[in-house]
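Note that the chains are named A, B, C and D in the order they appear, and that numbering of residues resets to 1 at the start of each chain.
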Amino acid sequence: MTTTHPTTDERQELVRLTADLLGRHCGPEQLRERLDAGTAHTPELWGRLAETGLVSALVAEERGGAGLDPSYLSGVLVSLGEHAVPEPFLETAVVATSVLAAFPDSALAVSWLERIGAGDALVAVRLGALTPYVVHAGDADLVLDLAEDGTVRALLPADVDVTPVQALDPLRPLATVIRRGEDAGTVLGVAPAAVERARVLAVAGAACLLAGASRRLLDLTVEYVGVRRQFDRPVGSFQAVKHAIADLAVMVDMATSAALSAFDAVDEPDARRRAWAAKAYAGDAADRANVSALQLHGGIGFTWEYHLHLWLKRVMGLAASYGTTVTLRRELAVELLARTGEATER
Amino acid sequence: MTTTHPTTDERQELVRLTADLLGRHCGPEQLRERLDAGTAHTPELWGRLAETGLVSALVAEERGGAGLDPSYLSGVLVSLGEHAVPEPFLETAVVATSVLAAFPDSALAVSWLERIGAGDALVAVRLGALTPYVVHAGDADLVLDLAEDGTVRALLPADVDVTPVQALDPLRPLATVIRRGEDAGTVLGVAPAAVERARVLAVAGAACLLAGASRRLLDLTVEYVGVRRQFDRPVGSFQAVKHAIADLAVMVDMATSAALSAFDAVDEPDARRRAWAAKAYAGDAADRANVSALQLHGGIGFTWEYHLHLWLKRVMGLAASYGTTVTLRRELAVELLARTGEATER
Amino acid sequence: MSAEMSTETSTVEEFRAEVRAWLEAHVPAEPLPSWTERAGFDLHRAWERTLFEGGYAAVDWPAAYGGRDAGLRRSIAFAEEYYRAGAPERINMGGLYLLGPVLMQYGTPEQCERWIPDLLACRTIWCQGFSEPESGSDLASLRTRAERDGDHYVVNGQKIWTSMGGFADWIFALVRTDPEVGRRRKHHGITFLCIDLRSPGVEVRPLAMVDGTRGFAEVFFTDVRVPVENVVGEVDQGWRVAMSTLGFERGAVFGDHAKFTADVEALAALVRVRGLEDDTRALDELGRVLVETEVYRANVYRLAGIAEAGGDLDSTASINKVFWTQMQHDIFATGLRLMEEDGAVVGDPAAVPYADAATRRSWADWHHRYWYARAAMIFGGTNEIQRNIISERVLGLPMEPRP
Amino acid sequence: MSAEMSTETSTVEEFRAEVRAWLEAHVPAEPLPSWTERAGFDLHRAWERTLFEGGYAAVDWPAAYGGRDAGLRRSIAFAEEYYRAGAPERINMGGLYLLGPVLMQYGTPEQCERWIPDLLACRTIWCQGFSEPESGSDLASLRTRAERDGDHYVVNGQKIWTSMGGFADWIFALVRTDPEVGRRRKHHGITFLCIDLRSPGVEVRPLAMVDGTRGFAEVFFTDVRVPVENVVGEVDQGWRVAMSTLGFERGAVFGDHAKFTADVEALAALVRVRGLEDDTRALDELGRVLVETEVYRANVYRLAGIAEAGGDLDSTASINKVFWTQMQHDIFATGLRLMEEDGAVVGDPAAVPYADAATRRSWADWHHRYWYARAAMIFGGTNEIQRNIISERVLGLPMEPRP
């Protein structure tokens, strides 16, 4: 498989397209409607993402997609994060398409790929220890269960007990998923490399979403302190406020860099390290964004009526998913010690 | 033993007396002279501390001292920290006097108490895991070795190999101390309670010294940013500078409170917890003081010629002595888990 | 507060034993439901009544109002026992911690007799009416007007962030009584006024918060008539009363350290439930907040000593507020972090019994307290405002240039 | 820099292999002694000569000056191999990272030919003369004067914090050539001037630093005559050249990430030496800085991509500077913290071999780098100044009121 990375212009065009779509169909008002309705996913928004070709971007051309390299979607994921999109895009359009493509001889895998490409299937993904809670499991037509040993199972709703938990971020619903017995579902095959790639895509993709959501918190804060006046001047003209925002901007900028780069590098030899580092750092940046944005908004940020909390909760939810900063950086440290320890012994 | 705590007036008077003495005889110029001469301790300053009665304050009246409760010295220790006094006052006048007093039937212990009270002896203290390096061991006439099991040994210079290490803070010299053989020195007795009290005095006393040294860093910084002008205004009028200093002041103030309170409480049932917490927090406050003071001084703070580094190094040295923040707070957490775990089981 | 006025004859330890026995007999076996909903609120109010009848509503307040004249040390001992027993959250905080002390300092004897006993018995719930939508950190820019009309003031305007506003009976508010002088010197011409929320023209709109609870409200005043005798302190001199109130809000609530100690014990329970007793990173995080609570406890006792000696605590209030609000945030943020993936789950995850019997905490409580901890860094004057005060008024750093 | 100008025909990986082989053959077996003392300095200078003769002094610089025209990607590969090999610290940094790029942007062809080859061969050591005792953050308030006298300038004044000052041959300095216009608009009337430090009237006084080393100096000018042809850029328009220099100082030094990666590997060695491989707190600290270096590496490559596409890196410089200086501080502060009690010992404690063979670090090096990391948060414009720039110029937040 030769990978072709997008040009800068192609990237910008895709991000522009995504932002434009989401600006029209996934603004704070639409998010609030879903919140009031108690639903995250809507067929309408998913349909639009599919129409635009974003959902099928990574599906092979012969399966009805565009057959693009994942790196075409890194900027798109950041944009989805900026808009707090309440859909399983990362899981369905990125992770599931990647895993299913590893089983070209499985008619079942091929048929799911085609359904995804047609915009007709939502897929949730269970990734071992990375997903004690499975996101959007309740909405999913298919749960892909990727075991640590590389076994990939396709689970239909009838194969699993999905128990929703009360997620902090209601627009990113979580559930525990338990297979109904040892035989439930269909084993597509055993593909350790595909599962490892899926893990890297999920972790690096979550880093992109998180960086995007953190950037929105930064932008909302910059906007608010520019408008809010106290003591006859904009709050944003106070140096302590400015410096707090500057520190946040540094983290968000670097988190975005690392997330994009990690996602673009999923097929490089050091992909895992880059993904783990990007998600770990994005979690720290998100934490700073959460704390600073609310502090600098003051009271209004605490109200249900104002929309800041949508992103506060989104970053908290994403930071706790697909590996937390603590677990990821510990794994990296262990790996570094093993790697450099060997070097010393040589 | 009934303990009598000093009145507020008595405390203030003692601190005033100490500050006055040190202001005259232990200013930055005198410290620099010692630095240039390559010595920390000087008989002159020690003699003055002894003359004033500070060295013998805790020695019983019948041994030539004032027989005071340790709490008389908490404020004095903070003041010694503020002046970066390069003498083993905590070890000699506080810890050693306390330990030696636990052996009233030992002629050797009594004679050392009397020598201390007369200002004629410097004592270094080895406290097991708390002192991998022993401070002022090279200057000491006596090393008290307090083992974890409560065994107290008096070691003369001939009993030990003292190997100086290159301390970050040359005015607080460190050495490793190894007994010359199993039989070296004299066992004064086995007194677990006295040794535990010595540990608490050392740790709480180090917290006082550290809080004092941190306060000096705060004061030096407040003074400097009030005078230093850039952009046609005092650097201290910039809000980001002010807030950094305010955050430091919060920590220094709280560290001082905790250190004084812990030192005054050495005979309370929760003395150990208070001392450990005070020293752990003082270490954090000192770290902040170190970082902020140098950053806010800018270049001049890095020069050997300017005296800021005396306190930068002092706080780093003290923070690494008598238990670091990391080890102390871990021990506290373990103790809390044990204590509350028992409660749950009851 | 009445640091030295104790008429209580028991020793502090005798008093502590008495309190402990009473609490063991009276604290509800099950934690009460949250007071942010009516049912939970009524149960909390009933508990406050029980406390009052036991003589424990505010042990250091004068016996004449229903307190015990117990002095500061016994008051601290009471709080320590209260939190140790896992007793319900107090609900009339604006009255207990702010208005009561303010009335004892600035109120007339008539005002004290009229308002304090009802407050203490929780017959009236008080809320604070300081902030306005355009006047947060810049409190003195407030616009709610009160115009004199005979022996009444006529109040028009809006307050926001009135905590417990949805349940309160009365509000103590800052209103502008002299807009003329206020235009030149904005801290002047402000009056501290107590207003019955059942008065015609008052509208209270509960504010839904980030976690869906409704602990705060907006209060709108339209031609609300308030008797002049409801002014506390002098007319037009309300800023001083307000600053005194904020001093109480920012300063040490003697005994509150015991709440944080209980929180850290709950955190220890969480470490056990997660099986992290041997994880040095978890121990480090637990140890860090444990150290903070120990330091805070030491400071509370230091401040109590100053108060008993008749000293001035003004310069300590801002430092105290920055410290305890950050500590509180550290405690609850640490809890969320130690929960790893479960930090993103609000309800108790089915599989894990996070509600710890010993600490009577549900996981939902942790989230609620977490958001409250976030709010505490803003209310009572943001921590940024406190840092201004610390740097300029405590440390004497030069003022910022005015625009 | 010459991102797209490569005339090198090898692939990046071929080039990398060549560099690696050369370094294996040439890097001294033992780390060189510190350059802050003369003996170590001379050894470092000899090493620079070896590098130059190998064609590796600045691989992306024009071949005409002794570079290799190797382009940005090969330059990054070179740096990665250089730090991986544990090769000596570069000593002519002011020349390599600041003056060289500035000359290529603003200098005349004559100036480039005159100064760059000597710089590259380390025949001349350059230092930076920007800061003055009263002009640190407020650089434009500088007072060193240069008055025109025929075809010379006569320079009087004082510079400070000139790094390597004690060893330098030349200084590139900012001087005030038009004090009149400077009184009204302080960024005007400044000129960027290269001065031979052997000129009569120059006095260099090494500054002893906090750790006793003498890496910096003060430089005093008394009626020093400097030929007018030593002006870089336009007379009176030196502020623009200075800002460009600071941009290089703050922005990414492509390849520097490899230095920090090597530092973190040394930290891993330290964790092993301390026996902390299973201590989750130590792993957390190690993991934190490892993550930072990985993030920084990703960002370097992103910026390289922008540079190769001809994009503008100006807006990224301040963010870059705040990040790498904090990261560097985190790395060395973490080292000291992991050392526990040994963090207060400068020399290698006798009992513990902190010098790790694999990483060629002595414990004294750690301390030196620690203080350097502290300084880096100040030089090149303090991080506070960078935050002003980020908030006002990158994010567009409103300016502070002027006094």
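Throughout what follows, contacts are C-beta pairs under 8 Å (C-beta built on N, C-alpha and C of every residue); 3 or more make two chains touch, one makes a residue touch a chain.
Keep in mind the model is a prediction, meaning the values are calculated, not measured.
> So which has more C-beta pairs touching, B-C or B-D?
B-C is joined by more C-beta pairs in contact.
> If every chain is reduced to the average of its C-alpha atoms, which one ends up farthest from chain B?
Looking at centroid distances, A is the chain farthest away.
> Hey, how far is the Cα centre of chain C from the one of chain D, in Å?
53
> Distance-wise, how many Å sit between the C-alpha centres of chain B and chain C, to the nearest whole number?
38
> Which residues does chain D have that touch at least 2 chains other than itself?
Answer for chain D, listing residues that touch two or more other chains: 280-281, 283-284, 384, 387, 401, 403.
> Where in chain A do residues touch two or more other chains at once?
Counting only residues that touch two or more other chains, chain A contributes 233, 237-243, 326, 330.
> Which residues of chain D touch chain A once you look at their complex with the stated criterion?
The contact residues of chain D facing chain A are 264-265, 268-269, 271-272, 277, 280, 283-284, 286-288, 290-292, 294-296, 298-299, 301-302, 305, 309, 316, 319, 322-323, 356-358, 384, 386-388, 390-392, 394-401.
> Please name which positions on chain B make contact with chain C in the complex.
Chain B reaches chain C through residues 8, 222, 225-226, 233-234, 236-239, 241-243, 245-247, 249-250, 253-255, 257-258, 260-262, 273-274, 277-278, 280-281, 284, 326, 328-334, 336-337, 340-341, 343-344.
> Which of the residues in chain B end up touching chain D in this complex?
Per the touch definition, chain B meets chain D at residues 132-133, 163, 165-169, 174, 176, 229-233, 235, 237-238, 240-241, 291, 294-295, 298-299, 301-305, 309, 312-313, 316-317, 319-321, 324, 326-327, 330.
> List the residues on chain D that touch chain C in their complex, please.
Touching chain C: residues 279-284, 401-403 of chain D.
> Which residues of chain B touch chain A in the complex?
238-240, 242-243
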